[in-house]
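Structures follow.
Both complexes below contain subunit A, partnered by subunit B and then by subunit C.
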Partner chain A sequence: MNVKKFGNKLASLGIILAVLFPFGFLLMLSMGRRWVFPSLLPEVWTPDNWLAIWGMQSGLGASLALSLALSLGIASMATAGSFWVSKQVAYHRHRRRWLAMAYLPYVFAPVILAACLQYFFIRTGLSGKFWGVAIAQLFITFPYGLIFFTSFWTERMLSMEHLIATLGGNTWQAYARVLLPVARGALLTCFFQLFLISWFEYGLTTLIGVGKVQTLTLKVFQYINEANIFFAALASCLLALPPVVLLWLNKRYVFSIGFSGPSRSGKSGSKDQEILK
Partner chain B sequence: MSMFLEAIDIRKSFGTEKVLHNMNLRLAEHEMLSILGRSGSGKTTLLKILAGLELPDGGRVLLEGKDMGRVPPNRRDMVYLYQEPLLFPHLNVFENVAFGLRLRRVPEQDIRKRVQEMLDNLELPEQSRKMPQQLSGGQRQRVAFGRALIINPKVLLLDEPFGALDAETRASMQQLLKRIAEDFSITALFVTHALKEALLMGDRIGLMQEGKLKVYDNKKAFIDDADTGVQAELAFWRGIG
Partner chain C sequence: MQKTSTYIGLGLFLALTAIPLLLGIGYALLFSLGLTGILSEGFTLEHWRAVLRSAAFWESIVFSAYVALVSIGMAVSLALFVVVRRPHTFEKGPLSFFIYLPLALPAIVMAFFIFQMMSKAGFLSRLAFQLGLTRSLGHFPDWVNGQYGIGIITAHFLMALPFFLILYTQMYRHEGMRALMQQAYTLGATRRQAAWRVAAPALFRRSFATVVLYLLFVMGSYEIPLLLGSQSRQMVSVLTIQKLQRFNLDDIPQAYTISVLYSMAVIVLALSSLPAYKWSGRKLFNRSRTVLKE
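Up next, the complex of A and B:
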C-alpha cells in the first residue's frame, strides 16, 4: 500500500517536473551568461538581461508593450465585434452560408492568407505598420470569434430576449441585464483564446509587418537566428508570462462562475409533488 | 363599442404557407379566453403578433382602442409567456421576480415589499434566495408568472405554459393560475392543445383551425360543436364504460 502511494507521489512529482522544467530552464538561461562546453551551467549569473528590458538598447520592453497593446486590442475588438455580429449571423436565414464564409480564412494557413492579402496592404500603405498588422490579425481572429459565439445564440436565447422585450426592456437593458451576464463565461473564454492567437502569431505578422512591427514572438525568433540564447530565453519568458496570468484569471473567474448557462426545464418530477403537498 | 383587445383581419404567411387568414379576435377586460388548436394551427403566431414580436402581413391590433401597429413590444404592456419558464439563470428567484420593476427603476423599498408579497401569493416565500436550477419545473413556472404579474401588464399572453409539466403538477398549476387570475383580475389569452385545459381555464373558448379562429358564446356551444373534438372524447369514454 505504502509502495503504491509512494509510486503515485513519484509519478505526480515527475509530471510536475516535466511540465515545469522548460519554464525553469528558460528562466535559468535568461539569467545566465557565457555558457561554454563542457560547463554544465552558465558561468556567469546576472539579472542584467532582465534589467535590459527597461533599457532602449535591446528593444525588448518596447516589443513587450507593442505585443500587449496589439493582442489586448485585437482580443477586445474581435470579441466584442464577433459577439454582436454572430447574433446577426445566427438568426439570419442564410446562417449556414455566412458561417461557411467565416471558415474561409482557416482553409489556408495564416501565412498563405497574408501572402494573398499582402498586395492590398502595400497598395493601401498599411504594410509595415502597426494598424496593418492589427487589421491582418483581425482577418483570423474575428472569424474565430464569430464561429465561437454562433452556438451561443440559440432559439432559447432569442425567446429570452423576446420575453425581456415584453417585460418592458429595451435592447440596451436586454444586453446589460441578461445577455452579457449570461454570456460572461463565453466572452472571457473567447477573449483569452483570441489573445493567445494574436500573441503567438508569427507568419502573418512577419509578412504584413515586414519586420518593422517587432512583436515579442518575432523578437524570440530574431534572437534564435542570432544564436543569442540568453536573450531568446528572456524573450520567451516574457512571452509566456501574459498567457500564464490570463490562464490564472480564466481559472479564477471563468470556471468559478456559479451557473452553467441557461438551464432547460424538463418535466417536473417528485420534487414538484413534494412541494405541492 | 370597442373591446379591450381586438385583432382585426390579421393575415400572416411564412413563404407560401398561409398561417393566419383574416383572423378576428375580441377580448373583454378581465376576461380569460382559451384558444384550443393543434400544432401548426397558428396559435403561437397569433400571440406573437399581438405581443409585437412578429409583424402581420395585414390587419390591425387594437388595445383599449389604440392601434398597436407601430408600438414596439416593450411598450405594449402585454407579457408573452412561453411554455418554458425562461428564468434568467444568473439571477435568484427574488431578482427574477423583481426584474420588470428594476427595468422601471422602482424604488428599492417598494421592490422588496412587492416581490415578497408576490412570492407569498405564489406560495414561494422560502425560495427567494434560490437559483433557478435549484427549483422544480412547477416552481420555475410560478416564478415566471410572478415575474410577469408584478408589473401589472394589461394583457397576459400564455403560450401553453404548462406543456412541460407532468399531469399532477399541471393540474395544480391550473388551479393556481385560476386563483391568481381572479385575485389580479387578469386579462389573458391562454393557448393550449389540451381540450380539458381549454375548457378549464377559459371564461370563453376559441378554436383555432387552419389559421382561423372561431370563438364560442358559451361552453355548451363549444362542447356541442363536432369540430372541437369534445363529442369524440365523450364517445370514447362512454365506449370504455
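Up next, the complex of A and C:
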C-alpha cells in the first residue's frame, strides 16, 4: 500500500516537473548568454536581459505595455458588448440560426480571416494602426463572448427581469442590481478568456498591424528571426507571466466568490433571491 | 413588435461577426475570379484551375490534415487513457492546478520552446551528444523543419494534451460517468470492460464536437508551422500567407482562392459536425467554466 502511495506521489512529482520544465527552460535562456554547442547550459548567467526590459533599445517594455493595453481593452469591450448583445440573440426566435453564424468566425483561422479582410483595413486607413488591430481582434473575441454568454440568458433570467419590472424597477436597475451581480463569475471568466485570446494572437496582428503594432508575440518572432534566443526567451517569459497570474487569480478568487451563473436546478436561486431582496 | 434594443443588438452582432466574414470571403472570391484587384482583367477561372491543379495546394491540405489528425489523435487517446485509468489524478491536490499551467503558453512560445529543444543545436541534441549518443550536431535527426512535421506535431500535442486531460477529468466528474461505470459493474462488466467499452467511448462521443473544433483549429494554425515547418511542405495557413506576401503578383489571386476553399471546407465541417452532436452555447459555457474552474 505504502509503495503504491509512494509511486503515485513520485508520478505526481514527475508530472509537475514536466509541466514546470518549459517555464524553467525559458527562464534559464532569458538569463543566459553564450550558449555554444555542446554545452547544456549557457556559459554566462546575467540578469542584464531582464534589466534591459525598459531600456529604449529592446523596446520590450513598450511592447509589454502595448500588449497589456490592447488585451485589457479588447477583453473589456468584447465582454461588455457580447454580454449585452447575447441577451438580444438568446431571446430571439431564430436564436439557433444566429448562434450558428457566431460559430463561423470562431472556427475560422484568424490569419486567413485577416488575409481576406486586409484590403478593407488598407482602404479605411486602419492597417498598421493600433485601432485597426483592436477592431480585427474584436472580430474573433466578440463571437466567442457571444457564444459564451448566450446560455446565461435562460427562462429563469427572463422571469427575474419580469419580476423586477413588476416590482417597478427599470432596465438600468435590472442590470445594476440583479443581472450584473448574478453574472459576476461568468463575466470574470469570459473577461479572462478573451484577454488570453487577444494576448496570444499573432497571425492576425501581424497582417493587420503590418508589423507596426509591435505586441509581445511579434517581438518573440522578431527576436527569433534575429537569432537572439535570449531576448526571445525573455519576451516568452513576459508573454507567459500574465496568463499564469490569471490562472492563479482565477483559482484563488473567481470561483471562490461563488459562481452564480445560470442554473436550471435552482441551486443558485437562493442567492438570486437574496440579491433581489 | 421587436424592441429597438433588439435591433441595435442584432445590428452589432451582424457588424462584428457575419458582415466581416462575408466581406472577407466575398472579396477573396471576387479577387480569385479576377473581378477585383489591381491585376484584374475580367472574369476568369484560371486561378482556380491553377490552385486545383497545383500539387503544393493538395500537399498542404493533406499535410495539414495529417498534422491535425496525428497530434489531436495522440492527445485525445492519451488523455482518455489517463482519465479512464485514473479519473481522480487531476481532480484534487497540486496537480489540479499544475495541469492548467501549459495552457498559459501561447502557440508562438510553444513553437520557440520546441525549436530550442528539438532542433539540431537544441537541448535534446546537446544532451544526446553529452551522453555519447551522437558524435556531432549533424548526427541529430531532423525533428524541426523536417518533412514529417515532427516538431509541429509535438508542439500541438503538448498544447492539446493538458486541454483534453482537463476536459475529460471534468466530464468524468460532472456527466454521470461514475454512475455509468457502476451500472456496467452491476451488469457484470469487469473493470477493464467498464473503462474501455463504456467510459472511454462515452467520453469520446460527448467530446466529439470539441475534438472536431480542435482539429479545425490545428489545421488552420499559423505560428507553429511557420517556425517549425519546412519550406517544401507547408500547412495551409502558411502557404496562403506566403503566396499573399510574395513578390510575384500572380500568386495573390491564388492565395485568395486557397482562402475561399479553406473557408468553405471549415464552414461545411463546422456546420455539419456541430448540430449533429448538439453542440450548443450552453456546452461551451459550461466547458469554459469547468476548464477554468478548480
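Everything below uses one rule, namely that the second predicted complex is superposed on the first by the 256 of 277 C-alpha atoms of A that agree within 3 Å, B and C clash if a C-alpha of one lies under 4 Å from a C-alpha of the other, contacts with A are read in each partner's own complex, and residues count from 1 in each chain.
The rule is short, and it goes like this: a residue touches a chain if its C-beta (ideal position, glycine included) is under 8 Å from a C-beta of that chain, and two chains touch if they have at least 3 such contacts.
Since this is a predicted model, take the numbers as computed values, not measurements.
Between subunit B and subunit C, C contacts the larger number of subunit A residues. In the overlay built on the shared chain, the residue A:182 is in contact with subunit B alone; subunit C does not reach it. Of the two partner chains, subunit C is the only one touched by A:239; subunit B is not.
When both complexes are overlaid on chain A, the residue A:221 reaches subunit C alone and has no touch with subunit B.
In the overlay built on the shared chain, the residue A:159 is in contact with subunit B alone; subunit C does not reach it. In the superposition on chain A, no contact is made by A:69 with either subunit B or subunit C. Comparing which residues of subunit A touch subunit B with which touch subunit C, the overlap comprises 259, 261-262. Remark: subunit A residues 12, 15-16, 19-20, 22-23, 25-26, 29, 37-40, 81, 84-85, 87-92, 98-105, 107-113, 115-120, 138-139, 142-143, 146-152, 186, 189-190, 192-193, 199-200, 202-203, 207, 217, 220-221, 224, 229, 232-233, 236, 239-240, 243-244, 246-248, 250-251, 254-255, 259, 261-262 touch subunit C in the complex. By the touch criterion given at the top, residues 48, 51-53, 72-82, 84-86, 88-90, 99-100, 102-104, 131-133, 136-141, 147-148, 151, 153, 157, 164-166, 168-169, 172 of subunit B touch subunit A in their complex.
Against subunit A, the residues of subunit C that register as touching in their complex are 5-6, 8-10, 12-13, 16-18, 20-21, 23-25, 27-28, 89, 93-95, 97-110, 112-113, 115-117, 121, 123, 125-127, 129-130, 137, 162, 213, 216-217, 219-223, 227, 236-237, 240-241, 244, 255-256, 259, 262-263, 266-267, 270-271, 274-275, 280-282, 284-286, 288-289, 292-294. The residues of subunit A lying in touch with subunit B in their complex are 156, 159-160, 162-163, 165-170, 173, 177-178, 181-182, 184, 258-269, 271-273, 275-276.
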